[in-house]
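Encoded as structure tokens, the structure appears first; notes follow it.
Labels A, B, C and D are assigned to the chains in the order they are written; within every chain, residues are numbered from 1.
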Amino acid sequence: MIFASDNWAGAHPAVSDHLAANSGGYATAYGNSEVDARVAKTFCDIFEREVGVYFVSTGTAANSLSMTALARPAGVAFAHAEAHMIADEGGAPEYLAGGLRLCPVDGALGRMDPTMLEEAIGRYPAAFLHSGQPAAVSITQATEIGTVHSLDDIDTIAGIARRHGLPLHMDGARFANALVALDTTPAEMTWKRGVDIVSFGATKNGCWCAEAIVVMEPDKHEALPFLRKRAAQLFSKSRFVALQFEAYFRDDLWLSTARHSNAMAARLAEAFRASNAVRLAWEPQANEVFAIMSRERAENFRRRGAIFHPWATPRGYEGVGADETICRFVTSFATTVEDVDGFTRLLAS
Amino acid sequence: MIFASDNWAGAHPAVSDHLAANSGGYATAYGNSEVDARVAKTFCDIFEREVGVYFVSTGTAANSLSMTALARPAGVAFAHAEAHMIADEGGAPEYLAGGLRLCPVDGALGRMDPTMLEEAIGRYPAAFLHSGQPAAVSITQATEIGTVHSLDDIDTIAGIARRHGLPLHMDGARFANALVALDTTPAEMTWKRGVDIVSFGATKNGCWCAEAIVVMEPDKHEALPFLRKRAAQLFSKSRFVALQFEAYFRDDLWLSTARHSNAMAARLAEAFRASNAVRLAWEPQANEVFAIMSRERAENFRRRGAIFHPWATPRGYEGVGADETICRFVTSFATTVEDVDGFTRLLAS
Amino acid sequence: MIFASDNWAGAHPAVSDHLAANSGGYATAYGNSEVDARVAKTFCDIFEREVGVYFVSTGTAANSLSMTALARPAGVAFAHAEAHMIADEGGAPEYLAGGLRLCPVDGALGRMDPTMLEEAIGRYPAAFLHSGQPAAVSITQATEIGTVHSLDDIDTIAGIARRHGLPLHMDGARFANALVALDTTPAEMTWKRGVDIVSFGATKNGCWCAEAIVVMEPDKHEALPFLRKRAAQLFSKSRFVALQFEAYFRDDLWLSTARHSNAMAARLAEAFRASNAVRLAWEPQANEVFAIMSRERAENFRRRGAIFHPWATPRGYEGVGADETICRFVTSFATTVEDVDGFTRLLAS
Amino acid sequence: MIFASDNWAGAHPAVSDHLAANSGGYATAYGNSEVDARVAKTFCDIFEREVGVYFVSTGTAANSLSMTALARPAGVAFAHAEAHMIADEGGAPEYLAGGLRLCPVDGALGRMDPTMLEEAIGRYPAAFLHSGQPAAVSITQATEIGTVHSLDDIDTIAGIARRHGLPLHMDGARFANALVALDTTPAEMTWKRGVDIVSFGATKNGCWCAEAIVVMEPDKHEALPFLRKRAAQLFSKSRFVALQFEAYFRDDLWLSTARHSNAMAARLAEAFRASNAVRLAWEPQANEVFAIMSRERAENFRRRGAIFHPWATPRGYEGVGADETICRFVTSFATTVEDVDGFTRLLAS
């Protein structure tokens, strides 16, 4: 009954086996191998256009280098107040992007409020020397709290970004979970909406270390290979990341694992809905479920073998009692029906 | 007959199998798993003292974060002119260490000349505001050109560093190759000589992505976890790096693979020595062999299936004819006797 | 009737004359002249303790280097949402302090709300790798909106900082104006309250370029000379800044000019209070007055010769009508009674 | 008999008087005053084209921001090994330009050897990810050791830069001294030769704080205002720098003071040439004279009232005896014939 995080899961057997089967022999280093090239081609197929693909070692690196690629002097990037970049990346975006400022924007359910985003950008007039220069807008898809931006939501944010001449970044640490939740295509969820650059995460969804920066207009980002090298993120034996992606995309494994994770989350949510003692904090849309319960009950669940983390109440969110706590339950490709049902029984007891 | 680089080789089967066998189940993320703890303990055993161990994704990251940990305002680090940090890391040490200057020091056979090192440090009086502050000395073991610092060599450099109050870093991308070449212990080759921090590389010697920063006095480096996170180098599924190290150290695999690589290099050197047409540039001590030949001959070898890279003539090195070139041949755990002997036959033909 | 900014004023004649009278001859460069030493001594006298004094060229430099001196990896500094550092320094604190994050804290009348400050710091647990490390608290005295922190206010903020082990910085771009408003001493307003480092501004109050970083415990900041040099802020002919400070402090010129500025602001406020058409936004305490008026009226005043700037409505401030605007009026040593009374007549007409 | 440095001199009376006469009244802040505009126009006249002019507080700032404007990821700038940027700016260029590497190039008499420059650039192939990207070439005019690049010298360096697609920077801390030494025009000495950006220094030649970055193609450097602000180098009361430049250029004061300094240096050189005990290290061309003497004699001169500094023997320079030292004598607008003749008598005695 481990719902601590999707990065507690290991690697999917298909990924692991593909790595094991191809770990011998020789291959050109530093991203120039055949499998690197094949996988780059697959990304183009998946996104239905020529894209630039740059592997990096962590999601934080993908976000930080995306920001670096978009940074300007005195640059300011706008993201949701609870975005991973703002809340959980230990200063990496600011440091790697040369002192970039991350401007937190509030909004319900993990999505920036469009009016607040407009207002936030408005505080940084582009030609005014003293305030800072708007540099980018970033959305997280799926969000940090398990919701998803609809295609319309993305259109709205992209429209604001475009009106201000700002590139749009998508933190896709849980890209696949959002994709299957929306039942759409990568192209529809990104560049057809106005997304310019994606942190494409595969680690949480079945790989062990497979993160990529995907840029929709490679010609605009000729510095990216140098930026990645300068950030110490160019793998020598890059083919081992490529191999993970190869297995990840083969036979749509990534969509299956994401659908499974989401289904497990839905099943768990059903149990919370049926419970008298615990209630959903909000409706889950991807692979994270947030529930409100008394601290005592949370402790009790933990004593009986469930592993999950508390979550800080989002700013502006109301309805959590003084002795209550919001708890996060994350599912993954590795979550089983037995895990969920075991916890459901705990809940009922 | 691939002698291009030790990072063209894949992963050693023992590493690959260990990964495959342990890729399932759950483990705490971000370096807090049991296998992370076990491997940290193994490092302490190997170094015969309490050391701090920090996994990172590349050798460049290990070097750059080592420099970051030692950096001072207007800091200057001294390294051999051909050190990897200076010649091959695309600005990462300078960028990640906040504008650190790398001061190249010349010296024969990949080792800094002690007098020149003294002189270089002397150009940066520590209390003088205008020049820059000496911050660190770095040696590469084995060197970039396949030689090794003897324990006495390290003593000499360490003595200079100590007299100037400077910490000593060792770039150990090929740590194991040097270790077995000297037939000594990690403790003897590092802290017993005065080395404070090591970039401990395992990728080139049989892993696919296993690099660690090892600090001899962890208490002095309490900021390192934050520096690593800020550099986007903290793996979420860190256990997969730990597992590689576990396999690497088990039954002294790392020493065997290094001994094998060195032996293959020695065998290759023997062939060059016996040749009329090609000659050794200098005596190899680890797993790299440098040979001088005519450009035409080099091209001919390549046409007949050998893969190897040209190498820029080191500053001050003489004896390369106008139509000649120095070529680098790197061996690894994956190099076979057949590879070497095949090339030997080519050489003789 | 120029109320645009205190940095539109020139230099006070006493400063200008002292410079002119002492601009000849020779003096040791880079801060080592006799007048540099004399002025450093005067600072010690004024602060009633050994302080370290570092001249820099701008208030932004003083703030940014103060932050640099206090920075930590993934560091976060807490300041009022409208603090100059956050709103008006074009990314300098973030850039110069190596990617420092500035966390805006709300609060009425230019002062951080203590509860909100606690809450903001609470979001950055010091030992937690992922969030960022609290590094400093900064207050602006006088505030950006012409109010002043009382000694009790400073005690409260300092207490919070101390409990979290955080150093306290004071942006004293208008230090003198606050000092005379409180009728207190520099010692009482700073280190006796717990302030560790001050951006001590004299430019706005009668000099033309005289800003200093003042540290209360010089031994803790031995890197500051190097940080300043590295930021290109060490004047070669530093004595010309020292001379300005010498004139500034002589016969308490600085206190007189600040008292005069504050008195002119009070006189202007009186006129607003007496007006039917324009009202004070809040009570001024130093040399800035903020008034609410219709946009039409503001335009009318400007057409008739008054110069002043609009001011963005502070977050959470209410009571500004749809066709109204908050305007800022800044007085300085150069403001005359005639200026104020001229505007008063305009107001009445 | 003060020959320590041209920054030991104060301000020229014409500069000082102009400042004093114009220090009152009001003026728009942050570089937007009328005098700022007038001086910008004067710069265009002097350079015979539209140039962009950005005042900064120090020569180090001018150099560092010039480098920032030219920087690239993993960027490398090439300058003479004894260039001020490399030897005397305390890490500022590296820090402010985001980790830029300064690559020292040797060459006789303060000028880069063209062959060595070619070779140095050649070590950084622009498309190669691992080495670093060439970003700029910088020359110092007059050089650090009192020589001057002829127009042909500049042509040669500019040709190399152009062939590699690199912008050419000129550190003109002693721009005027070189200009009058060559009896040429600013246009001839800069953009007509291929210089793209100049650190234009006036502090050493009669101002007290007047340094400017001058760019020949302002459209290419639209980020410079933001870069300057971000570096905390935008003066609020910028008009006081403008006023210094106004006096500096009026009636060709700057050329007169430079001619005077150079003449005083020539007179001093004549004395060294006539001496039996002291000899010129090399022929001076601007306002610095370097002489070789025994340490004992240098000490003796100092005891008798002369002030001057020792100078490290340039790399590759021969002919300094074991008990000898090279000493630097700097003249300025403030140096008098009496100073020089006084020292000449000392020399003869």
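Note that in this section a contact is a pair of C-beta atoms (placed from the backbone, for glycine too) under 8 Å apart; a residue touches a chain by one contact, two chains touch by 3 or more.
Since we're looking at a predicted model, the values are computed, not measured.
Visitor: Chains touching subunit A and subunit D alike, please list them.
Guide: Output, common partners of subunit A and subunit D: B, C.
Visitor: Using the stated contact rule, I'd like to know whether A-C or A-B comes out ahead in C-beta pair count.
Guide: Between the two chain pairs, A-B has more contacting C-beta pairs.
Visitor: Of the other chains, whose C-alpha centre is the longest way from the centre of subunit A?
Guide: Measuring from the centre of subunit A, the most distant chain centre belongs to D.
Visitor: Looking at A-D, A-B or B-D, which one is a repeat of the C-D interface (more than half the contact pairs shared)?
Guide: Comparing each option in A-D, A-B or B-D with C-D, the repeat is A-B.
Visitor: Counting in whole Å, what is the centre-to-centre distance of subunit A and subunit C, each centre being its mean C-alpha position?
Guide: Between these chains, centre-to-centre, one finds 41 Å.
Visitor: Indicate the whole-number Å distance between the mean C-alpha point of subunit B and the mean C-alpha point of subunit C.
Guide: It comes to 51 Å between the two C-alpha centres.
Visitor: Using mean CA coordinates as chain centres, what's the gap between subunit A and subunit B in Å?
Guide: 34
Visitor: Tell me, which residues of subunit D touch at least two other chains?
Guide: Residues 30, 73-74, 89-92, 95-96, 98-99, 129-130, 133, 226, 229-230, 234 of subunit D touch two or more partner chains.
Visitor: What does subunit D use to touch subunit C in their complex?
Guide: 2, 4-5, 7-11, 13, 15-17, 19-20, 22-30, 56-61, 64-65, 89-92, 95-96, 203-204, 208-209, 226, 229-237, 239-240, 334
Visitor: Residue numbers of subunit A touching subunit D in their complex, please.
Guide: Against subunit D, the touching part of subunit A is residues 30, 72-74, 98-99, 129-130, 133, 223, 225-227, 229-230, 234.
Visitor: What part of subunit A is in contact with subunit C in the complex they form?
Guide: Contact set of subunit A toward subunit C: 73-75, 87-92, 94-102, 123, 129-133, 312.
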